[in-house]
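Shared between the two complexes below is chain A, which has chain B as its partner in the first and chain C in the second.
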Partner chain A sequence: MQIYTLYILNKSGGLVYHNDFQPGLLQLTTNESLVMASTIHSIHAISSKITPANAKTNDLYNNNKSGLRIIETENFQIYVYQTITGVKFIGFANDTNLAEMEVWFKKVYLCYSDYVMKNPFQQLDMPIKNDNFDRIVRQTV
Partner chain B sequence: MSKSLKTLSDDLWKNRVEKVNSELFTLTYGSLVAQLCRDLNYNYAEVNAHLEKMGYNIGLRLVEEFFAQTNLGRCQTFRETAEVVAKVGFRMFLNVVPQVVGVDEKQFSLVLDENPLAEFVELPDDGKAFKELWYSNVLVGVLKGALEMVQLEVNAFFVSDVLRGDDTTELKVKLVQVLKDEIPVGED
Partner chain C sequence: MAIYSLWIFDRHSNCIYSREWDNKSKSSLVNVNNAKDTAKLLFGTIFSMKNISQNLSKQNKLKSFSTLRFKCHFKETGSGLKFCLLTDPELEDMQFLLDEIYTSCYVNHVVKNALSPVDFRAGQVIGSEPFTSDIDRLVVTLPSFST
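And now, the complex of A and B:
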């Protein structure tokens, strides 16, 4: 499993956190990252909307039941995980699968609940600038 | 359902959550309330409001840890919410399990047989505190904040408190509305 990048989106689809884990990645500009984040947010919502009513979902712990979960290219995949409160974790990765990513996302969510939500100066839904969180998230990769 | 909730919360309490010395916790909360009373000139209505506001801000954040640790999904009914709040929520953060009474689709009451917040507390004998102060009002705010994050707007308040000389400590939660428009898309 190789994880390149983590995005965190607040419940309105704004990019609040971005961290690259591998050296030598081609960089998007801040503006492009924001566009990427809100595009994924929108496609997620649209795909949920066009899901047939009787479609079967498999029983992952993910609360993202009917929305976009994976985007695949030849060389990497983008995975989308959504919590019950509407926060989205987006992972750019390769050589992995949904179940494995699910486990990773849960670890990241735990780090988030500890290091972000328990920082008394972190404002909800605002960008996350937090060295402790950077460090601890990097350890999960 | 309730059996598995018990197993879940036992495991959480034993293996997952961080714990602090209960006296440190009780005394910290106690000095906070006492300081608030002094700062606000023993205007207990305002003290209640402040405690609730603090709790609300705690609840908004606490709920993320709750879900990160428990992996629980959305409750299908308000009864289920009551069970989960009492058996998992209170157990996980306070290691008490309040009784759930008077539960229907619009409301429930939590009866706290033991209240870790109020362990050594005697309310001041100024003739007002017994009638006006809800010492543990932070819990009201926590419930409101946490439930709001899962799109349940509730009204919560204490109806009795052993500190005031009542027989029980009872916290009532009433469902105002389910904020349907705010449920994140992608759920069923």
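And now, the complex of A and C:
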């Protein structure tokens, strides 16, 4: 399993955290990353609108009931994990599968709850600048 | 497991063909929703995803995207034609089916057809009935097709 990059999006689609774990993808400027994050946020919403009318409903317990989950391209995959509060974790990875990524996303969500949400100086929906969080997330990869 | 619909977009981003498989509806669903929102949203999503994949990695091709309820398989030909197949998310890679639809149906009934336009105008669609029946024959015989 190779994980290149992690994005964390707040509930309105703004990029609040960005971490490149290993090279493999083309480098983006900060501005391009912001555009990328909001594009993913909007296609996440749009993809639920194009669900075929006769598609089966899935009873699986998941907070991402109808939105985008995976984008597969030839060289890498993008996985989207949504929490119940609407925060999105986006992982750019290769040589992995959804089950493995869900496990990883849960670990990252745990780190996020411990190191970001429990930090009294963290303002909601604002960019995450926290060295401890950086360190602990890097350990999960 | 099921296959829901097929959409073809030309290089001017017009939806030139759509085929939906629905066992409830009596009439055949060919080119019904070409100008509707679904087709436009589908094209928009594909377009953005293509941009994302090419921004992050050179010479990259979009293969598919999926949600909990459906999966969209995607193929683009050298001439800019885009094929989208909407199926159940459980289905494995369906690139072979898109390749087959392009090589045996599209090439035979549209490219080799002298009466068919080389470049589709806005609103123009593939109305050929043999084309639809060939696609149906390919898709309906698949083991994964059961609506």
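We adopt the following convention: the second predicted complex is superposed on the first by the 128 of 141 C-alpha atoms of A that agree within 3 Å, B and C clash if a C-alpha of one lies under 4 Å from a C-alpha of the other, contacts with A are read in each partner's own complex, and residues count from 1 in each chain.
As a working rule, a residue touches a chain if its C-beta (ideal position, glycine included) is under 8 Å from a C-beta of that chain, and two chains touch if they have at least 3 such contacts.
Keep in mind the model is a prediction, meaning the values are calculated, not measured.
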item: Contacts of A:K49 with chain B and chain C, given as first, second, both or neither; value: both
item: Touched partner set for A:Q123, first chain B, second chain C, both or neither; value: neither
item: Contacts of A:F76 with chain B and chain C, given as first, second, both or neither; value: second
item: Contacts of A:D114 with chain B and chain C, given as first, second, both or neither; value: first
item: Touched partner set for A:S12, first chain B, second chain C, both or neither; value: neither
item: Comparing the two partners chain B and chain C, which touches a greater set of residues in chain A; value: C
item: Touched partner set for A:S66, first chain B, second chain C, both or neither; value: both
item: Touching partner for A:Q139 - first (chain B), second (chain C), both, neither; value: neither
item: First, second, both or neither for A:T29, with chain B first and chain C second; value: neither
item: Set of chain A residues, in rising order, touched by both chain B and chain C; value: 48-49, 57, 64-68
item: Residue numbers on chain A that touch chain B, as the complex places them; value: 11, 44-45, 48-49, 57, 61, 63-68, 82-87, 106, 109-110, 112-114, 117-118, 124
item: Residues of chain B that touch chain A when the two form their complex; value: 60-65, 67-69, 71, 73-74, 149-150, 182, 184-188
item: Residue numbers on chain C that touch chain A, as the complex places them; value: 2, 4-5, 20, 22-24, 37-38, 41-42, 44-45, 48-49, 51-53, 55-58, 60-70, 72, 86, 88, 147
item: Chain A residues within the chain C interface of the complex; value: 25-26, 28, 32, 36, 39-40, 42-43, 46-58, 60, 62, 64-76, 78, 92
